[in-house]
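Structures for review follow.
The same chain A turns up in both complexes below, where it pairs with chain B and then with chain C.
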Partner chain A sequence: MNILEILSYGFIQRALLAGTLIAVLCSVLGVFLVLRRLSLIGDGLAHVTFGSTAIALAFKLYSAASLLVSLPVVLLASLGILKLTEKARLSGDAAIGIVSAVGISAGIMLASVGGGYNVDLLSYLFGNILSITYEEVLIAAGLFCVVMLLLGLFFNDLLAITFNEGLARVSGVRTNLINAVLVMLTALSVVLAMKLVGIMLISSLLILPAVSALQLARSFKACIALAALQGCCSVVAGIFVSFLTNLPTSATIVMLNLLFFGASCGLRRLLGAKSSS
Partner chain B sequence: MRTLLLIVLSLTAMAVAGLTGCTRGEQQASTKLQVVTTLFPLFDFARIIAGERAEVTMLLPPGMEPHSFEPKPNDIIRISKSGLFIYTSRYMEPWAETILKGTDRRSLRVVDAGQGVSYLKGSAEVGHDHAGHGDHGTDDHAAGMDPHIWLDFSNAVVIVNNILTGFVAADPANAPLYRDNAAALNARLADLDRRYREGLSSCASRTFLHGGHYTFGYLARRYGLEYRSLSGISSESEPSAAKMAAMVRQIRSSGVRYLFAEELLSPRLTETLAGEAGVEVLKLHGAHNLGKDDVQRGIGFIELMEQNLANLQKGLACRSK
Partner chain C sequence: MPVEIVATEGLGCSYREGCVLEDISFTVTAGDYVGIVGPNGSGKSTLVQALLGLVPVSSGAARLFGSRCDGFNQWGRVGYLPQSLHLLNPVFPATVAEVVGLGLLSLKSFPRRFTRHDRNTVDALLEELGIYDIRTKLIGELSGGQQQRVLLARAMVNEPELLILDEPTAALDPETRQRFYQMIADINRTRGVTVLLVTHDTGVIGQHASKMLYLDKRMLFYGSFEDFCHSPEMSSLFGEHSQHLMCHRH
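Moving on to the complex of A and B:
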């Protein structure tokens, strides 16, 4: 099976296009989130999306229409996580844990109160990277542009609050606004990208490229670039490896990311040993 | 303070009234035989056999994919309170045997509706017949039996008879009625079988391809059709990119014009495949479970199978006699 033949399939082309856009997006967001100790926010917001989809299905809003409910609910939940860390002085993992548990239990309660649906809830919740439509490629591209534009616009402020929030606040950065922008961009990405490629891929792409890049990078910008590169490579390579080995595509991409992470750790040791000797 | 007291009192009164209402309702119902079933075909067959003489309920909530079902505490209470529990097999409902261990077997009769059915080994996933993939040695479905026995209508008759045996043993007083109802149902199933055999005898294509998990092996064998599905028996497994491409090639090479999609689950993958190969999507209902709307409309197993026959005839370009 040669590469041209693999590329001749439309669903592979769409997977490559939308997949790399989402991978770069998640990897870049991930660097900020990992450094702010919000690594698991992807998983947490996915659970909230489950809860909100249960509401949407109860109102007979399927697939795209269910976003009318999911999007506002998940945006609010992301702000809720932020408020919990600020007001209740909780660490990010505890705040995410609370919101995530509440989200999933609300979904389960609603599902049992509603007395069943016309379709299987879970199967409608998660997309698959191999079943992306043309419209969804456009959605991914739009999402990519919006998130990248806003991250670029607020880059200096984001950088400031990531390394020292207290100092940033004193020096006049509107920290509340910047924090809210970061988590809301994450919420938007999780809700939309989950429908496209599934949650396993999203939550792993929010963490693994960032932590690998943090092993190696000497500057923040280099870190973002490395993370984006890894995210992008893992998706492209993952699709081809999945083709050649007949393994599930998303799982293959996650495993490749783990491999990259291992390699980054090894490389750092090697470089560290060299520089110290 | 007084309003609070008032609220507490009225709540208590409501709770008491509700509880007594419940027990009264239960007492009334308990004169009838209580039957709990797992899947839709068993529910429908049991409902028809029971007529007015027994109360039949189904464990699966509407819309839920049965492979992912796990019983709640309430369900277990429902099963242990019932007089008759009907399930298909340990391949389909592996959780059933675990629950049954914890129930009082003296008062509860259990029907293994799949008893005496000839099971097929499941797996005609696309890609398995292509040499060179190297996955034949590690075929993890080889040991798995295909649990969708009700889709062979001669098996459906066996299932009906197993259910009837359970009804007669649990409620001998109404045995003649149950026997009559079962005989009528079996006659309808035999008629359905005859219509399938005739309706599918002269088709332009003998291959039907399915974008879901492996479901229709029994149906295909009975009417001499070729059947290929995207995924294996497990509805949770995710296909690889290679499997998707193999399916697209198979659709193109077999020259079919329709791809079949399964019920309840999201048809995303099927639609992607159909779009890629330039064919249309038709629904084929595996009858595991119904959506909420179908439940409310009271659709039966035989009606579902009639819709399937119509779609199969369209999909395979059959001449109707």
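Moving on to the complex of A and C:
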């Protein structure tokens, strides 16, 4: 089967379109999160998404309709993480751990009350981008535009707080607001990425492109661009490879990201050795 | 009449472990170069952080340019170089030019975008501080002295009227340290920038600063270096021999 034949399938087209948009979002946000040592926030929010999806399914809201519940719940949870770190004097990882555990517990309880796990809920654990619907692609495109617009508007503020929060405050950056913007953008992206890689693997989409880009980037903007490029490549290649080999798409995307990370580390060593010789 | 830049009245700061600063009252006027000195844990960094609103004030009041510090928003008039250089992430992927450019954010309103003019401003300052050649290098790849210069450039790029430097020479060797102090003195003299500089080098800062503020949780001295050297209170605090050494290193 050649590439054109594969591309002729509607589900492949939808997966490629939504997948690349989500990959760009996660990769770009991942750079800020990794540098701010909030790498695991994606994991925590994914667990909350699991809980919120269980609520949605209990109300018979499936696929795109489940976002009506997930989006507000995960946005609130992201602000909850922020408030816990500010008010309860917790470190970021502890706050993420609390919200994460509460999210997954709520999901398990609701699933149990609702008559046990069903196929829909389990599909959120490991993701299934090939089953993405036309409505979900439209929602992904809409949210992609919103997140990218906000990222563009707040880019320099985000860079400033990522570099040093104290310095950013003395430069007039409203750090509380920008922190809230960052976690809420992450929440939006995590909800979108659920269908792509699922709860178990969502962190990889936020972390791996970012840490690979950090190996090679020679400026902050280059780092963002490299991370986005890797995110896109891993999703596109992952969809084709999984289609041809009949492997699970989400796991294939993660493994390809790991491969890119290894290659980036190798390339960095090679370039380092060259410049020092 | 001299213009008031910084003023505190009975300023106090407390953390959970107790009082860090108590009853600090002083005024800094335009063009002053104030060296803030004192032993470890004396509250020097807390004092400048309180002035910048980075730590809460538990008693008294502080003003910057006549505005209370807790509501201060004229950040374009202030440049700040923090103490915690070691907290900089060594893998942070920003270039020198990108880091210095962030200092211009205080002059921008939403959305804070940089222009070609901003890039030229950054380049001109890097040239002036002798670090233009490293403008495309990553901040984490620089030596301590170079990083210090870059962060000084970041603090100065908005052409502030007040420069607050918190132990800027801690990571520098004695020769680079001396050059750094000289550079700050030149900035103070030629640009008329008011400087508050926190340091351990009581003797060295005395060569450059117009005023000394000696802290040990309370303000023990505030005045000229000459007065510091002849102060009986300082003499009894340090002992005559130590005071002589501090005052005659130059």
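We adopt the following convention: the second predicted complex is superposed on the first by the 231 of 277 C-alpha atoms of A that agree within 3 Å, B and C clash if a C-alpha of one lies under 4 Å from a C-alpha of the other, contacts with A are read in each partner's own complex, and residues count from 1 in each chain.
Assume a contact is a pair of C-beta atoms (placed from the backbone, for glycine too) under 8 Å apart; a residue touches a chain by one contact, two chains touch by 3 or more.
Keep in mind the model is a prediction, meaning the values are calculated, not measured.
Participant: Answer with first, second, both or neither: which of chain B and chain C does A:F163 touch in the superposed model?
Facilitator: A:F163 sits against chain C, while chain B stays out of touch.
Participant: Decide which partner touches more residues of chain A, taking chain B and chain C as the two options.
Facilitator: After superposition, B is the partner touching more of chain A.
Participant: Touching A:P209, do we find chain B (first), chain C (second), both, or neither?
Facilitator: So A:P209 meets neither chain B nor chain C here.
Participant: Which partner does A:S219 contact after superposing on A: first (chain B), second (chain C), both, neither?
Facilitator: In the superposed model, A:S219 contacts chain C only, not chain B.
Participant: Applying the document's definition of touch, where does A:F154 land relative to chain B and chain C: first, second, both, or neither?
Facilitator: In the superposed model, A:F154 contacts chain C only, not chain B.
Participant: Kindly classify A:G172 by the partners it touches after superposition: chain B alone (first), chain C alone (second), both, or neither?
Facilitator: The answer is second: A:G172 touches chain C but not chain B.
Participant: Quick one: classify A:Y9 as touching chain B (first), chain C (second), both or neither.
Facilitator: first
Participant: Contacts for A:Y124 in the overlay, against chain B (first) and chain C (second): which applies, first, second, both or neither?
Facilitator: After superposing on A, A:Y124 lies in contact with chain B but is clear of chain C.
Participant: In the complex of these two chains, what residues of chain A are touching chain C?
Facilitator: On the chain A side, the touching residues are 35, 152-154, 156-157, 159-160, 162-164, 166-173, 213-214, 217-223.
Participant: Flag every residue of chain C that touches chain A in the complex, lowest number first.
Facilitator: By the definition above, chain C touches chain A via 49, 52-54, 73, 75-76, 78, 80, 82, 87-89, 91-95, 98-99, 102-103, 105-106, 108, 110-114, 136, 138, 154.
Participant: Given the complex with chain B, which residues does chain A contribute to the contact?
Facilitator: Going by the criterion above, the answer is residues 1, 6, 9-12, 15, 111-112, 115-124, 127-128, 130-133, 239, 242-252.
Participant: Which residues of chain B touch chain A in their complex?
Facilitator: 61-65, 68, 72, 127, 133, 135, 237-245, 248, 264-266, 268-269, 271-273, 275-276, 291-295
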